[in-house]
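Structures for review follow.
What follows is subunit A paired twice: with subunit B in the first complex and subunit C in the second.
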Partner chain A sequence: MAQIELNEIAHSYIANPKGPADYALKRIHHIWEDGGAYALLGPSGCGKTTLLNIISGLLTPSEGRVLYDGWEVTGLPPEKRNIAQVFQFPVLYDTMTVYDNLAFPLRNRKIAENEVDSRVLEVADILDLTPDLKKKAAGLTADAKQKISLGRGLVRSDVAAILFDEPLTVIDPHLKWHLRRKLKEIHDQLQLTLIYVTHDQVEAMTFADKVMVMFEGEIVQVGTPEELFENPNHTFVGYFIGSPGMNFLPCTLVGNVARVGGTSIILDDEVAALGRKAKGALELGIRPMYLEVHGRAVNGGIPVRIKAVEDQGTFKILTLTLEGQVVRARLPEDKAVPDDMAWVRFPPERTKLFADGRLVKRAG
Partner chain B sequence: MEKWENNKAWFLILPVFIIVAFSAIIPLMTVVNYSVQDIFGPGQRVFVGTEWFEEVLSDKRLHDALWRQFLFSGLVLLIEIPLGILIALMMPKRGWGVSVCLVTLALPLLIPWNVIGTIWIIFTRPDIGLLGAAINSFGVAFDHTAAPMDAWITLILMEVWHWTPLVTLLAYAGLRAIPEAYYQAAKIDGASAWATFRYIQLPKMRGVLTIAVLLRFMDSFLIYAEPFVLTGGGPGNSTTFLSIYLVKIAVGQFDLGPAAAFSLVYFLVVLLFSWLFYQALQNVGKGREG
Partner chain C sequence: MGLVLRNVDKTVGGETHLKAINLNFEPGSRNVLLGRTLAGKTSLLRIMAGLDRPSRGSVLIDGRDVTGVSVRKRSVAMVYQQFINYPSLTIYKNIASPLKVSGMNNAEIDRRVRETAKMLHIDDLLDRLPAELSGGQQQRTAIARALVKDAQLLLLDEPLVNLDYKLREELRTELQDIFQRREAIVVYTTTEPAEALMLGGNIVVIDEGRILQTGPTPDVYHNPATLKVAEVFSDPPINYLDGRVNDRYAFLGRDIKIPLSGHLRRLAPGDYTFGIRSNHLFLFRLNAEDAEITAEVELSEINGSETFIHINHYDTFLVVQDVGIHPRKIGSRISVFMNPASLFVYDSSGTLIASPSPGSLAAGR
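Showing the complex of A and B:
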C-alpha cells in the first residue's frame, strides 16, 4: 500500500508533439492518498486509460515523474512496480484452473508454495471463488472471470494499488451491483488504494470517496460526489455529472443582474462582483432540480414555454424554452405540471456563473 | 407446418449435394469399383472380392513405403511446427517490416511443386549447385543421387523450406488475434517471456495450430511431385513414399485393381490419422476438468 504521486505528467502518442492538441494527457499533477477509493470519470477518449497505464507502468510518460511513496518508478516496468491492474475484458489463463490462475502472479515472483496456497485460499474466500478453485477458468461466466482477474491483483500482498479499467463493462447489469459491492467490501476490509476508471457516473459516484473528472486530457475537478454535483468547477463537470446535466445559458452582466437575451436574472451579489472581474464569455449554470417551476406568475418568475414532459417514474423532466434556448427542469413526481406556460425562478444561491467554462468563485 | 412442405428445403441444399457427389463421392466409388474387380477391358470384368486388398496389405514393399512415409511426416511435423511458430514470434508486429516478411515468406508457396524439385536438384548438385558444391568443398561428400541419407536430408530441407512459411503465416495470424490486454496482464503478473508463450500465446494459437498440423500432416503424407522430381524414389527405394509406389503400381505396371485397393487403404490411413490429430489437439489442455 502506498501513496501514488504523478508529478507534472504529460503524455503524447506522437514522437514529436507540436501543440497541446498532440497530447493525450496535458498536465497531470496529483497525489493519490494511501488507502483511498478513487474513480476516474470521463467520456471515451479523454485520457483515462492512458493515465492508468502510466500509473501501472504499461506506458512511460513523455514528460514528468511517477512516484510511489516518494520513490521514483517512472522508468520501471509494471512487474517491478507493486501494482495490479484489472482490464475491461477479463484476462484469464484459459488452460489453467482457477487456483493456478490466482497463484500465477505469486509463482512468477518465486514465492514459496505454502505461502502461495494460503494466499490463494484467502483471496478465493473473499471473492466467493472457493467452490470453483479446481475448475478450468475457461468455462466460467463473465463475472466469475472478472473476479479471477481481480483476484490475481488481490493475491499479491505487496500491491501498492489496484487499478481498474472499466472492469464492469462486460458484466450483466444484475451482477454489476453485486461486484461493485464486493469491491467496496474489499476496499473497506483491506484498505487498499483503488483507482477505478469508468465513464459511468453512477458507478463512479457509488464506488469512490473521491471522483476525478477528466476532460480532453486534463483532470478538471477532484472532489466528493456532492462537491461535483453542487459546485462543478467546469461546465463539462456540470454537464457530465447529473441526469440530466446542468443547464447553461450564455449571458452578460449588468450590475448584479445577468441578462439572457431580453430576460433579467438576479444573481448573488458576491458572484456578480467576481463575474464582472472575470475574463471570457460568461455562462449561467443551474441544476435542473434547483430550477423552481411555478404554474402562475410569481415574483421574479420568468415566463417559459413547456415543450415536453418526460415521466421518469420517481421524477419528471420538463423541457422548457427560455429566450429560444432549451432549459431542463426536474420535478418530483407528485408535483403538478403546468399545461403550456410556466414561470421559472433561478434561486440566486443555486445559480452559478462560468467564465470561459470555469466556475466563477472566490480565489483559494 | 406440414413436414412435407418443409421438405422443400431439400431443394436449397441439393446443389451442394450434386457438387459433392461429382467432386468426391462418384470418383471415390469408381476407385471402390476397381478395387473389388479384375478389369481386363470394356465388358470383361471379374469380381474378386477382397483379393486385391489382401495382396496389397501383405506387400512387403508397401510396408516399407508406409514406415518411410510415417518417418517423413513425423520429421516434417517435428521441424516445421516449432520452426514456424518461432519465426512467427520473431516477426515484427507493425510497420513496413510486416509486409516485407509476409511477401518473402509466401514466395516458396507460390512456386509450382515440380519446379521446386528442379530448383533443389540444381541447388544440391555436388558439381555446380550452390549448396551441394559448398558442402563438398568442405571435404564432406554429399550427393543426394548416391547416398540415401543425403537424399533424405535434401528432401527434408526442401520440404521445410517449402512449407514452414505456411505454418508461420497461420501462427502469425493466431498471434495477431490475441488482444493487447493479455500481454499487459502478463506484464502486471510478472510473467516471464516463456510463461507468456506457454500460458497465453500457445493456448490462443491452438485453433490455427490444429489446422497447421492437419494440413502439414496430410500434405506431407501425400507428397509426390517434389520427391518424384528430386530423387524419383531413389537411391534404391530409399525415398519411395506411398504415393510414388502407388503411381508405380497404377501407371508403371498398370495393376489398376491393387492400385485402387492401395488408394483406399491410403485414404483411410490419412483419414484416421487426421482424426487422431484433431481429437488430440482439441483435447489438449482441456483434460482435468471437474
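Showing the complex of A and C:
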C-alpha cells in the first residue's frame, strides 16, 4: 500500500486551454495517506472520473505530477502502477470458478501455486466466499460477483491502492448495507488505501473516514462526514450534504446583526467580526434541523409564513417564507406543526456566514 | 372521472403478477401505490392505463366497462421510470406531441406548452434536444408531456427513482404543488415510504401482486395491519423483537423486561412480535420507563441528515435512526433506549394487535 500524492494537478481536455472554464480539473494538490479510506464525492460532471483516471493512469494530466510513495508515476499506464480497480459492473470470468477468478491475478504474475492457494483462501474467508469457491461465477448473484471483483483486487499483496468507481450501482438496495459493512471491515482489518468514487452521499459518507467533495473541477472540502455536515466550507457542501440541504439567505451585516431584508438575525460575535472583514457577497447559512420553530411569538423569534408541510414519517419538513425567501425547517415526527404562521429562531452557535460561497472562519 | 378495478388478475406465462385486485379511485383523488420492486405496481398501472389487458376481471371508468378499450381511446397520461422522450425532437416538440395528435390549434398548443414548461422550470430549454439535457431535465420534459394534455388519469411509475437525491428532493416538492392544481386522478407508484407520506392522499400497499392494505396514507403508516405492511412502509426497515408476555410483563429480545401498561396492558399471555421504528430507538434515555437494549455496532450508515446505526442485540439485528451525522465505530458496545409506548404488537400470524396511540410518543427531539 502506498501514499498517493497529487502535485499541482490540472487537466483540460482542450489542446490549448485559455481560461479556468476550459479545465475539467482546476488545481488539485493533495495527498492520500497510506491506509486511508477516502471517498471522492460530487455530482456528475464535477471532474471526479477525470481525477480517478489520473490516479489510475488511464489519463495523463495536462499539468502536475502523480507520485506513489514519492516515486513519480505520472506517465505510467495502469498496469505499471499496481492499482486494483472495482468498477460499477463486476469484471470477472463467468466460466471460471470463484477460486480460479480469485487466483487469476496471482497466476498471471507467476506466483507459486502454494502461495496462490493461501492468498485465495484468506481473501475468500474475509469476503465470506469460502462456500462458493468451487462454484462457477456465472450462477452467482450480483453482490457475490461484486465481492469477487473486490477479492481480485485484495488478493494481490503488492497493490498500492484499490479504486472503486460506483461499485454498488448494481446491488439491490437491501443488500447494499452488507457490502458497505464488508468494505469497512476490510479497511479496518487490512489498512489498505481505498479510494471510493461516487455521486451518492450515503455511500461516500458511510464508507469513508475522509470525504472529498468535488464541485466544478475543484476539491471544495476534505473532511470527516461530521465535519462536512457541521462545518461546510463552501455553500455547495452545505447544499449537497444533508437532506434537505442547508438554508442560505443573502444578507448584509450591521455590527453583529445580519440583515435579511427588513429582518434582523443576531450572529455569534466572532462570526460577525470575521464577516465584517470578509470580501464578497454575504450569505447566512443554517441547517434545517438547527432552525428552531415555535408556534407562538417568542423572544427573538422571527415571524414566518408556513407554505408547505411534508410529512416524511420519521420527521416533517416545513417550507417557510421569510422576507420572500424560502427556508426549510425539520421537525421531529411528534412535534405539532403550527397552522400558517410560525416564529423561527436562528441559534447563533449554529448560524454560519459565507462570503462569495466560502465559509467565513478564522484563518488556519 | 372515477376508476374502478374489479376482481382483476394478471397472469403471464403461468406466473401470477396480480391477484384479486379490487380498487376504487375517486375523481380528483391522490393515490400512492407502495410496494417493493416486483410487487406488481407497474403491472397494475399498465392495466389502469389500458396498455395491458387483465387476465380476469374488469376496469370501469365512470361506471362504463373499458376493459378492452385501447390506451389511445382513453384520457390517460403516464410517466415512466426511464426518461422517455423523442430523441430527435426538441423539448418544445416533445411536450407538444400529445397535443398535435389531438388536432388542437397551434396558438393553444403554444400557450399550453409554454405554461407547462414554465411550471417544470424547463422553459429556457425548449429549443434543445433531450440528449443535451441532464437526467433531471429529461425527466422534467417527460413529466411536462404527461401534464400538458390535461388527461383525466395521470399515472406516474416511480418517476424519480433514476434521479440523484438532490434532484429527487427538488422534484418531489414541486410535484406536490402540481398535483394539487389538477383535477385528474393521480396514481403514483413508489418503493419509498417517505415519498408515499409526502404525497399523502390514499395508499394501496401491494406485495407479491396482492393488496395488503388500503386507506388514508397517514392512517396506514400509523396502523400497519400486518408485519409485512409495516416492513414495506418503514425506511429504514422496522425493527422486530420476538417476545413473550406473561401476566405482568413482556420479555423482549434476550433480556428486555417491560411492564404491561398503556396500550400493552390488555395483552393476553403468549408469544408476540414487537415492532419499533428506527426513529423511536434512542441513544440516550428520555423517560424513566424507557427500556434499555444493549448491542454491538455493525455499521453506521449516513443518509442525508441522519445516521442509521445498524446494531446487533444477541443476533437480533436492529437499526437506530440518529438525527445528525454521528458515526459510531464498528464493533463498539452501545445501549439504546425505547419507550414501550411506541411498540407495535403483532400476533404469531403477523396481524396487528396493538399500535401506539398518536401523541403517546415521547417528545423531546
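The criterion applied here is as follows: the second predicted complex is superposed on the first by the 363 of 364 C-alpha atoms of A that agree within 3 Å, B and C clash if a C-alpha of one lies under 4 Å from a C-alpha of the other, contacts with A are read in each partner's own complex, and residues count from 1 in each chain.
To be clear about the criterion, a contact is a pair of C-beta atoms (placed from the backbone, for glycine too) under 8 Å apart; a residue touches a chain by one contact, two chains touch by 3 or more.
Since the model is a prediction, treat every value here as computed from it, not as a measurement.
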Please work out whether A:Tyr23 is in contact with subunit B alone, subunit C alone, both, or neither, and reply first, second, both or neither. neither
See if subunit A has more residues touched by subunit B or by subunit C, and give me that chain. C
Once the shared chain is lined up, is A:Thr319 touching subunit B (first), subunit C (second), both, or neither of them? second
Subunit B versus subunit C as contact partner of A:Gly139, first or second or both or neither: first
Which partner chains sit in contact with A:Lys184 here, subunit B, subunit C, both or neither? Use first/second/both/neither. second
Now for A:Phe248: first (subunit B), second (subunit C), both, or neither, which partner does it touch? neither
Within their complex, state which residues of subunit A touch subunit B. 53, 56-58, 77-79, 83-85, 87-89, 91, 93-97, 104-105, 108-109, 134-136, 139, 149, 152-153
Under the definition above, what is the set of subunit A residues touching subunit C in their complex? 43-44, 172-174, 177, 180-181, 184-185, 188, 199-202, 205-206, 225-226, 228-230, 239-240, 242-245, 287-289, 308, 310-315, 319, 330, 332-335
Partner subunit A, residues of subunit C touching it in the complex: 37, 134, 164-166, 169, 172-173, 176-177, 191, 193-194, 197-198, 200, 218, 221, 234-235, 237, 277-279, 298-305, 310, 321, 323-327, 330, 359, 361-363, 365
Could you pull out which subunit B residues touch subunit A in their complex? 179, 181-182, 184-185, 187-192, 195, 199-200, 203-204, 285-286, 288-290
